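Each of the next two complexes has chain A plus one other chain: chain B in the first, chain C in the second.
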Partner chain A sequence: MKHSYVTALILIGVIAAIAIGSQLLGIRLYDRISTNLLISLVLVVGLQTFMGNSGLLSFAHIGFMGLGAYTSAVLTIPSQMKGMALPDLYGFMKVVEISPLLALFAAGALAAVVAAVISYPLMRLSDAASVITSFALLVVLYTVMNNWSAFTNGPRTLFGLPKTTDMPVAAIVASIVVVVALVFKESRTGKLLRASREDEVAAAALGADIPQLRWRAFILAAFIAGIGGALWGHFITSFAPKAFYLKETFLIITMLVIGGANTVTGAVAGTILITFAYEALRGTEGALNATSFGAGQVVGLTEIVLALAMIAVMIVRPGGLFPNREIGHILTRTRRKKEIVA
Partner chain B sequence: MAQAGILAEALIGHSGRPQGRPHHLGKVMSETRLAVNAVSVEFTGLRALDHVSLSLATGEVVGLIGPNGSGKTTLINAITGQVKLASGTITAGSTTLSGLSPREVALAGVSRSFQIVRLFNTMTVFENVEAAALAKGASRTIAAQRTQNLLDELGLAAKADELGENLSYGDKRRVEIARALAAEPLFLLLDEPAAGMNDAETEALLHTLAELPGKRGLGLLIIDHDMGLIMRLCHRLHVLASGRTIAEGDAAHVRSHPAVIEAYLGKGAAHA
Partner chain C sequence: MAFAIQFVIDVLSLGGAYALMALGLVIIYGILRLVNFAYGELIMVAGYTMFLASGSGLPWIVMAVLAVGMAIVFGILTDYVAFRPVRAKSVTAVLITSFAFSNLLQNAALLFISPRPRNVPLPDIFSQTVSIGGAITPVRNLITIAASILLLAGVAFLMRRTTLGIAMRAAATNFTMARMLGVPANLIISSAFALSGFLAGVVGILWIGRIGTVVPGVGLEPLLVAFIATVIGGMRSLPGAVVGGFLLALIDTTLNYTLSQDLLKFRDAFTFSLVILILLWRPEGLIRGPASGQRT
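This part shows the complex of A and B:
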């Protein structure tokens, strides 16, 4: 139990270091990258609460992020702008304009409610069936966002969100989400869910209600994804449904899997590592294209290298960088071992 | 043939009363009975269990023995809801278990271990045991306390922080037993708890198991091929062969039963 506090302190320390470090550097590009990193952190840690504890791969997470982003957008775009930004919006909603903080919770709540309603029957599925249905769920959410013009402006870009997300806000939300994920992991539901991840038959034989446990985790994950979506929406201020689809899904899953899905530490480590790798690769790609080296343009270097990195991690270290112990647990253990030796 | 040898050794080697007779049985406040009535199980045409009846009271240790493939594990799976019954009923006290899911059977007070160990590999020993208490609805504090007591009792306290997958085979078995006990069951069904243990470990296990019915007032059903262990531990034996009950009763009775000798040693051995 004590090591969970150590883990929380270390992870929040890392988040603070990123926030303060980029603030000190004072370069706008770094500020942008770091804020993006912290928002990704919210999404990846959110995904960890379901995927890490249940052991089920979920593709639908980004769909709930989109839901949150649009919910917050509809609730916060100033009413005088709504006529332009969302011409088809329902009349009664045109006058609604609430504070971004409230909208953040509303975004999480709506994503959670939608997840609760549609996912209950899916939670009985395991293995391939559950992966395929979660993928289908992503496609459904994407299609709805693309076609529900009244709420999302259809496939066109939605603009006019107030820019309320900055580095400190992202850092605070990310810290809270990390604590929530750690608390959930050590909760009754979290422990039994992890037991079911390791052995469904044995967990059921102990009396664990596995679909119920998975359902709770899925709702929590959707809640966090919704909040992450709202956070991102108020950072980027204009977006279209295609921002919530395969490329982003692949990116957050890569982050989680490379870091280690079973631990919150892994989710944080993976997000940081992949964000920096992603930016470095994009920079390299840009530099290569600028020098017009070789015959043509270099395209897709970033994606290919990340995909190869994921394959390599799966082969060398299938559990990711932090496969089963949180950082606080690792540190308290080594210290105890040293004390025993001494 | 190895099994027959073990039985033969047990037949000669262990005589007299088994240790740990249920002297306390009289003072158990309310004796509950796990009753298996004429249960049959079929796997696509193969009859794995054929009208098997068995009874196990709290405070009692019953050994379930029989050659490989005789249906011992299937019987445990049938009781715990892992396989469906073709016919028959199973009750624990006034609760009907037949037709319930494994989860519901567990909540009704029947815990089990598995023939092939099924630990939660990437969770710590502590968490493995704790999960069982939590699943039964114990509060976080009580679950943690109960887990600590069980780990102390079974000599696993030093390994509390190890991951399930890093344990030796014998330790894994003991964690599985601790996990089953953390649910505070009325009936505990152990499927080959001593398999893979060395002699010293088996001896320690024997002492732990022998104390359970008296200390915890539970009924213990145990499958094992170690006839020495079975004979010393069990008050009664139930012998299965090809899915049928061929004998039941105390060790002396079963040992001299012609059908048992035939099942283990082959036809004609009973008359030799």
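This part shows the complex of A and C:
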């Protein structure tokens, strides 16, 4: 148990270091990148609570992020702006305007409720069928966001969200989410779920109700994704449904998988690593475009490099950077070993 | 009467295309128990091959053969890049590599060709219409029906009567046993990928023939269709894939005719809800495949 506390301390320390470090440098761009990093961290750790513990790949996560972002948007856009931002909104919703903090929870709650209803039958599926249905779920959520103009302004950009997410808020939420993920991992549900990940038949024989366990994890993951979406929405302040689709899905899955899906440490490490790689590659792409020797716009280079990195990691280290043990576990083990030697 | 004919032709042509898409996916899944996310990109490859060949002045049929050939080449390439190195590791690892490979191909098209739609050469017959019993139908729907009947029959023959097909089915039922009896594993897997690529190439031409242009994301819809059809039909059974494809086409076409314009935008959401209902009733899909053996 003790090593979980160590892990929590170290990971929160890392988050604090990123937050304070970027503040000290005082460059706006770094502030932006690290806030983005912390929001990604919320999403990736959220995905880890389901994917890491159940061992099932889920593509729907970003869809729930979108749900959260739109919920929070509808609830917080000032009522005098709603006529412009969401012209088709239903009458009774036009007067609603709640504080962003409350909206954050509402966003998480709505995503969790939707996930609970939709995913209940899906959790019986394993392996490929579960992956496929989660992929289809992403497409359905995207279709709904793209077409339900009353709430989302259709495929057009929705604007007018109050900018309430800044670095400290993102850092606090990220720390809480990391702790929640660690607590869930060590809880009874988390442990049984991990047992089912290692061996479905054996876990079921021990009396684990696997669909039920997966369902709980999925709801938790959707809740965190909804919160992450609301955070992101209030950071970026204007977005369109296409922000919640395959490209983002690819990015957060890359982060989780390269870091190591089975551990919270892996999720954090992967997010940090890929955010820096992504920003560096984007910078390179931008520089290439600025020189623009005839060939036109350079697009997609970042994704190509990330895809190659992902394939390489899967071949060399299929479990990611932290495949089994949390950082606290690794440290306490090495210390104990030294004590035994001494 | 005209309406009934129209409806039947719509269902059959859409269903034929869907069935072929699903079949290409299930052939891989049946043997390896692995989902190929890069399947849609094989369709994209076929489309871009047509686009790149359009300036060459070759007759259309040669370009089509070339496109199918490229889809086969990329199918085998998928095996070598995304599947073979991680096949023996975890299921998740392979899903992720194939997803990454799909992204790789899409972004390569984005980078080296263009994010904008590109025209694909089509013979005149694709844009003509005929009248059957009062129903006016594009000829390409009839071509799709004919092609899918031919290919489905061809695949059925291959699977039942030839050594390669029997070996593939043996590998799908019990991979380890098949290997012990002397079925060369890598050859079987590569031929499954080649067959999958072949089906994707043909579907690609038929599918892109409906739209007339190709974009980097063109493979997404066929991939999704194949996914849903295989889940409905039963992931491990080839007839199941075909049944699932036609059933999905029936659902889609019915919704097309019955939903109002406002609701039509949400068609995918309705289709998926039906899929959830089917899965509630039968989590294994409609048709059960052979009892599963161990993977690799």
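Methods note: the second predicted complex is superposed on the first by the 335 of 342 C-alpha atoms of A that agree within 3 Å, B and C clash if a C-alpha of one lies under 4 Å from a C-alpha of the other, contacts with A are read in each partner's own complex, and residues count from 1 in each chain.
To be clear about the criterion, a contact is a pair of C-beta atoms (placed from the backbone, for glycine too) under 8 Å apart; a residue touches a chain by one contact, two chains touch by 3 or more.
Given the structure is predicted, the values throughout are model-derived calculations rather than measurements.
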item: Clash or fit, chain B versus chain C on superposed chain A; value: fit
item: Chain B versus chain C as contact partner of A:L192, first or second or both or neither; value: first
item: First, second, both or neither for A:G300, with chain B first and chain C second; value: second
item: Contacts of A:I118 with chain B and chain C, given as first, second, both or neither; value: second
item: First, second, both or neither for A:A171, with chain B first and chain C second; value: neither
item: Contacts of A:V201 with chain B and chain C, given as first, second, both or neither; value: first
item: Chain A: partner with more touched residues, chain B or chain C; value: C
item: First, second, both or neither for A:M65, with chain B first and chain C second; value: neither
item: Contacts of A:A128 with chain B and chain C, given as first, second, both or neither; value: second
item: Minimum distance between Cα atoms of chain B and chain C in the superposition (Å); value: 10
item: Doubly contacted residues of chain A, that is, touched by chain B and again by chain C; value: none
item: Touching residues on chain A, where the partner in the complex is chain C; value: 55, 57, 118, 121-122, 124-125, 127-129, 131-133, 135-137, 139-140, 143-144, 146-147, 246, 250, 253-254, 257, 261, 298-301, 303-304, 306-308, 310-311, 314-315, 318
item: Residues on chain A engaged by chain B in the complex (per definition of touch); value: 188, 191-192, 194-195, 198-199, 201-210, 262, 319, 323-324, 333
item: Residues of chain B that touch chain A when the two form their complex; value: 80, 82, 101-103, 106-107, 111-112, 114, 118-123, 127-128, 130-132, 134-136, 140, 161, 163-164, 179, 183
item: Chain A-touching residues of chain C, taken from the complex the two chains share; value: 29, 33-35, 81-82, 85-86, 89-97, 99-101, 103-104, 106-108, 110-111, 115, 220, 224, 227-228, 230-231, 235, 265-266, 268-269, 272, 275-276, 279-280, 283, 285
